[in-house]
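Working notes, beginning with the structure itself.
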Amino acid sequence: MLEIRGLTAGYGRLAALKSVDLVVHTGEIVFVVGPNGAGKSTLLKTISGLMAPTGGTLAFNGEAIAGQPPEKLCRKGLALVPEGRSIFRTLTVQENLLLGGMIRKDKEEAAADLERVLETFPILKARYRGVAGHLSGGEQQQLAIARAILQRPSLMMIDEPSLGLAPLVIDQVYESLRQLNAGGLTLLVVEQSTARILDLASRIYVLRNGHVALEGAASDLADGHALEDAYFGYGERQTTHA
Amino acid sequence: MSRPSKERLEARGVAVAFGGIRALSGVDLELRRGEVLGLIGPNGAGKTTMVNVLSGFQRPTSGSISLDGVDVSKLTARKIAQAGVGRSFQAARLFRAMTVEQNLSVAAIGSGLSLKAARERALEILDWMGLAKKADNRCDSLSYGDERRVSIARALALQPSFALLDEPASGMNDAECEALMEVIAELPARFGCGVLLIEHNMKVIMGVCQRIHVLDGGQSLAEGSPQDIQKNPAVRRAYLGEKAADSTLAI
Amino acid sequence: EEPIKIGFAIAESGWLSNYDSAPFKAAVMKIEEINKAGGLLGRQIEYSVMDTKTEQARAATVGAQLVDSGVDMLVVSCDYDFGAPSALAAKQAGKIAFSLCAADPKMGVQGVGPLAFTANSAAQSEGIAIAEYGNKKMNLKSVYVLEDLTIEYNKSACAGFRAAWTASAGAETILGNDTFKNDDPSIASQITRLKGLATQPDAVFVCSFTPGGASAVRQLRAAGIDLPILANTAMVDNYWLNAVPGLKDFYLPAFMSLYGDDPRPEMNTFLESHKARYGEPPVSSYSVLGYSLIEQWAYAVEQAKTTESEAVVGVMNAFKDQPFTAGPTSFTDQLHIQVDRPWLIMKVENDSFRAVEVYRNSFKPDMKLLFRVGQ
Amino acid sequence: MKSGTMSFATIGRFWFPVLALVIPLAIIVVVTGQFGGLSIQRTVIEMLISIVIVVGLYVFVGNSGIISFGHATFMAIAAYASAWQTCCEMLKPITMSGLPPFLRDQSIPLLPSAVVSVLLAGGAAFLTGLVIIRLTGLAASISTLAVLFILNVVYSNWDSVTMGSASIVGLPTYVTAWLALGCAVFAIVVAYLYQVSAFGLAIRATREDEVAAAASGISLYWSRLIAFTLSGFMVGLGGVLQAHYLGTVSINSFFLSFTFLALAMLIVGGMGSLGGAVVGVVVITAMVDIFRRLEGGISIGGEQWSLPAGTQELIIAAFMLLILVFRKDGIMAGREMTLPGQEQREKGLING
Amino acid sequence: MANIVQVLVDAIALGSLYALVALAIGLVFGVMRLVNFAQADYITIGAYALVVPTASVTPPLLLGALPSALMIGSVLVVVMALALLTERVAFRPLRNSNPSTLLISSFAVSYFLQNLVMLIHTGRPKSVGIGQGLANAVEIGGVRVPGVQLLTMVVTAGLLVALVLFLKKTPLGIQMRAAAENFQMARLLGMPANRVIALAFAISGLLGGAVSLLLTIQTGTLDLRMGLMPVVYAFFATVIGGMGSLPGAALGGFLVGVASVLLQTYLPADLRPFRDAGVFMMVILILLVRPQGLIVTSAAKERV
């Protein structure tokens, strides 16, 4: 579904991504982990069209998408929940959610999705007509995820979904991601910590210093040592993946 | 470094309502000098609101705040800060165009120091937190983790009797969390202050708090030692979930 | 022989250029006429122009630059505020500064110095002329005064009007005063006050200038106020009449008529020469002041037989109804502006100004009125 | 870092941002004084006066981040005060009859009158500030605009004291290039010392984040009021200089177009730094002067060539837009002048 | 007493003119945090489009010569195009700059346009006689209402309602507010965010064109600075009304207009020259009492 080869990107003179290769197959849940400043957020921003890559290729469903604007990619089925609660603070919760489903043609299904999402995140229902900017940190994060779900994308990218969420809610969020995935949604998720993801991930990439330091199937990484080594930069790039 | 003198920061029967939304209803909380008190609870439980009330950014609808028995509910945020209540924010809110050292100096000046003394204190704190190398960096060039550390350091530069930290570990990876835990655990001894710690990362909470206060839906749900809280079925149901509770129990 | 040099420190851009450009062209025309006739004191006149850009700081600078370049006389902008900085530069070098059409008596001995003159009449004189004319010739018994406070010129014209009207008809026949600002989008409340008067006046005096004055007249007429309207000179010339199609009963004092019906032949000659020189009549009737300015100075230089300032000023200060194109001209060592030069009263008819008659005011403003002391 | 042990290099580094501004200005004055014509010398004086004004404006606007439209008010107050004290003894009793007798009937020596005028401007700024600095952000900006309008209305209609909207003409013109340079240097030094002081640090924090500043024990109100008052004094000085350079004072020259021009200079240079304020004045003054000359006409290879009158303004406006579009934070982008090599460290303002 | 009613009508009429301008200023501010001073020049240029561009002081009519429906339409289109052009050239590249930079850029645009008009038309005021019939007053129960002012009131009320409904209720309106607040996020959700924001400028141009026509019919004159004071008043109006709230902007417009007329009417003659000072003091007072403005939308309150 998503195929990235030799991707480079940066801010001014700073190279944040130095030749990244990454593949997401249809139906997978792929996790990207790595320390602060590794380039995880930059990677998602570049895929979604918020940043122009300086080199390499990006293909989505076989089509080269590098340089296309985000509004176009969105219509092709790509959704991004950016780092740090990019909700519309001055709009109401309702309006925020409405904007999620805005470009969808299937209005009836969209309405049903809305019902479902409000059930998953009851707090959004309680604050439905309130201003989104007044929500608590975790509530805002839930709103951002809910809105992305309403986009009904084919590939959803989430930057640190657990940020600021209560433990119980993290469980709920991951549970609903799992369900969505079972329903056919492909996921590319960035996380800080590796603790919770092993049982959910199809594959995991460890990004460090703008490089892929490790990639592999979750099952192969389950013991955790290789993962930790890659994470903190002991040893060279390795592929446990056959 | 002169030591803070206040002993107790107390909230009595604090209620906050936004229109129909009751963010807090009748919460009692006491923070003592020298301890680390955890404040946890589900999203929207009212934790940030509580910190806002304690630091003077939110007038309580009813109830009162007192410092060593003196009512400070009517004071402005600045006066409360000067009286010895420092805080950090859920979003770092650094002075972005200024250097790290200047961020701390501002708070030190706010606590009444001269420019020179303020700078000395700032460097001292940065040194202790391992940020000395970054002292002259502008804050808009910091990584996320460093931003969070600077925002804690800035709260400390005020030389507070009480430091209120709102999710300091959010967005940090496991190793960084551990480093942060060491810092927080050392605060009472080093700065002589009481710490109120809001965090969703249970490892951090369980690792450094002597006492934990749980909020749910604007009300106190429980208070006690980490062990008690972890075992408390109501807390498990409302907040921790079985998974998190078990995984942290293992520590 | 060395040519005589005249410097023009005037606005070629900015809003003041509208006022400066027409008299400037006429001044150039007069210079050319003199040169063709053999020059002044047998010497040709050269002139140079610098743009003040309607800025006071620029006006001071270009004034200084022109004086520095050795001009014998400095012509300055049509406005006291913007002419004075240049005139001060001339004063410091001991040169005469002559304003194209400032209507403020301060453009003279008291406001700049004994070497400063203006070719215009005092704004007060406009108000006086139309007040007397209205009361004495048009038989108006009462008036209402609508004063535009935006610039001092209007305040002076209104002050002159009130003084002269009071002198000839009594203060009680001024039924009311009201004020507005030139850029007010609406004068509805002023109209309401006027209409609410117990007795309606015989006429309304509007001291203003375009565009605000035109807008006020339009709104008065649109509100159904058909009283005669008296105005000051700044409202002269046809260009704004589109704003009030079918305007009638509108009177003001003017320098001259641009429409060929001026009763004074010298004005029509001036008009013809202007058409011959520039292919069109002057854009504004202020034009003749620029022409006459050169005429007055050149005459004084001829008399003094030198361009030396002291001598020339001496001659000019002795002018007593000296006949020039713009009309009889008088200066004294105290007053370098006209206070009772005859005016051409004009009225609007068929969408054009028409000459009515030449009228000379009998009420003479004293210094207090001219400087609006204790008003 | 005791002052006794402060090395020459440290002092040099501390003062570098000031020296890097002041020395070129002094060179400009010397060179144009020796070789320039009258018009260029006058342009230089105007530029130096603008520096006093824009640096004064910067002290509040730059440090607090709040745009003020009201500073021309304090200039006007100082300029008029100075005119009342020193101008035109002959005309004063006639045209400004409403003045109190001690002003109306005599002139006051230049230096004391200048000092009094500047103090008056600062006092007016302090009183205005007491009221409106409670407001933040746009509400504060709008209030300063309202103050500007109020003063304009009052001074243009208070005929017996201000001569209404007419100019007061004939002030003694004592402002030379050297005096203007002295005042500009003074303004730059004062602004610099202020911004590196504790007050300066505090107010810059409020500019970055009001909430966090309050949580750090900083008073928004007092830190801004101090800056507002200080900048009131400084633009007051600019007003006095302007009045005694032109020899005329008129209320309309302290109104919107002047305010816009001063703000434009500040923002084109970059309102985040003292260097930006000075550079903005120099660049805009130079641009205006160059295009004014082109409008006046120059000869290229014997051909007389000139721009049509009025194009200068168009070009300046377009130039300003270009700078804003390509350098959002102005030419200096919030940086001070730094020694080569110091740049990469992304230092903030304080190097001491 | 007919007189008091008359004064009120005068006041409301002026208020609605300011309110109309304030709507345009408020709308663009809401979308870009831009206080657009160039709105003054939109108004001016819309009015100047009625006549042939020439230095002559008595220019023939251009758009003003068209039949009225066409004339109205074409003036609106001209001003809308101008607003879009300035957005594209000057404001779009500055998106996300701080409000002061945006404000200064709008000064620059305004300065440019004003000097352009001056270069083409000269600075001399001109006059146009359009809509003479509308300018005439109609008497309603002893109260005199000039046709233009009646029209202004109707147009303002209509546009206020339409705009509020548009922004609150239509998807496009919600998109506009969303794009205004977080441009990148709006794009991520598939909005053509540039076009959405440009639309806000087009609407401000439409409002500007309407003001051009109403002002010209009222005053019959064209002047370089004709748009300035209405925009300055509108600027005050939007702030005292509450930035970010369109009904607030309109309310503010009414307040300054009404205050101006009431002061003009009821001040004693020797204080009347100081009328405007009274209006501006009222602005400061309102802000001191309600720093956020009269109508504070809950969205405007930031939480810590």
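When the chains are written out, they are named A, B, C, D and E in that same order, and each has its own residue count from 1.
Methods note: contacts are C-beta pairs under 8 Å (C-beta built on N, C-alpha and C of every residue); 3 or more make two chains touch, one makes a residue touch a chain.
Protein names from UniProt, one per chain: A, B = ABC transporter ATP-binding protein; D, E = Branched-chain amino acid ABC transporter permease.
This one's a predicted model, so the numbers in the text were calculated from it and none came from an experiment.
> Touching both chain A and chain B: give me those chains, sorted by label.
Touches both chain A and chain B: E.
> Identify the chains in contact with chain B as well as chain E, in label order.
Of all the chains present, those in contact with both chain B and chain E are A, D.
> Could you find the chain whose CA centre sits the greatest distance from that of chain D?
A
> Select, from C-D and D-E, the pair of chains that is joined by more C-beta pairs in contact.
D-E
> Can you give the whole-Å distance between the Cα centres of chain A and chain E?
44
> Between chain B and chain C, what's the gap in Å when you average each chain's C-alpha atoms?
Centre separation, chain B to chain C: 75 Å.
> Counting only residues that touch at least two other chains, what does the list for chain C look like?
13, 17, 149
> Residues of chain E that contact two or more other chains, please.
Expected reply: 118, 228, 273, 276, 304.
> Give me the residues of chain D that touch two or more other chains.
Within chain D, residues 157, 211, 310, 313 contact more than one other chain.
> For this structure, give each pair of chains that are touching.
After working through each pair, the chains in contact turn out to be A-B, A-E, B-D, B-E, C-D, C-E, D-E.
> Flag every residue of chain D that touches chain C in the complex, lowest number first.
Listed in rising order, the residues of chain D that touch chain C are 38-39, 42-43, 46, 90-91, 94-95, 97, 156-157, 159-160, 163-167, 169-170, 173, 245-248, 250, 252-253, 292, 295-296, 309-310, 312-313.
> Could you pull out which chain E residues touch chain D in their complex?
Touch residues, chain E against chain D: 35, 89-90, 93-94, 97-101, 103-105, 107-109, 111-112, 115-116, 118-119, 228, 232, 235-236, 239, 243, 273-277, 280-281, 283-284, 287-288, 291-293, 304.
> Which chain E residues qualify as touching chain B in the complex?
304
> Can you name the residues of chain C that touch chain D in the complex?
12-13, 17, 50-51, 53, 56-57, 60-62, 64-65, 68, 80-81, 84-85, 88, 104, 106, 110-112, 149-152, 155, 367, 371-375
> Over in the complex, which chain B residues touch chain D? Could you list them?
Its residues touching chain D are 55, 57, 76-78, 81-82, 86-87, 89, 93-99, 102-103, 105-107, 109-112, 114-116, 118, 136-138, 141, 154-155, 157-158.
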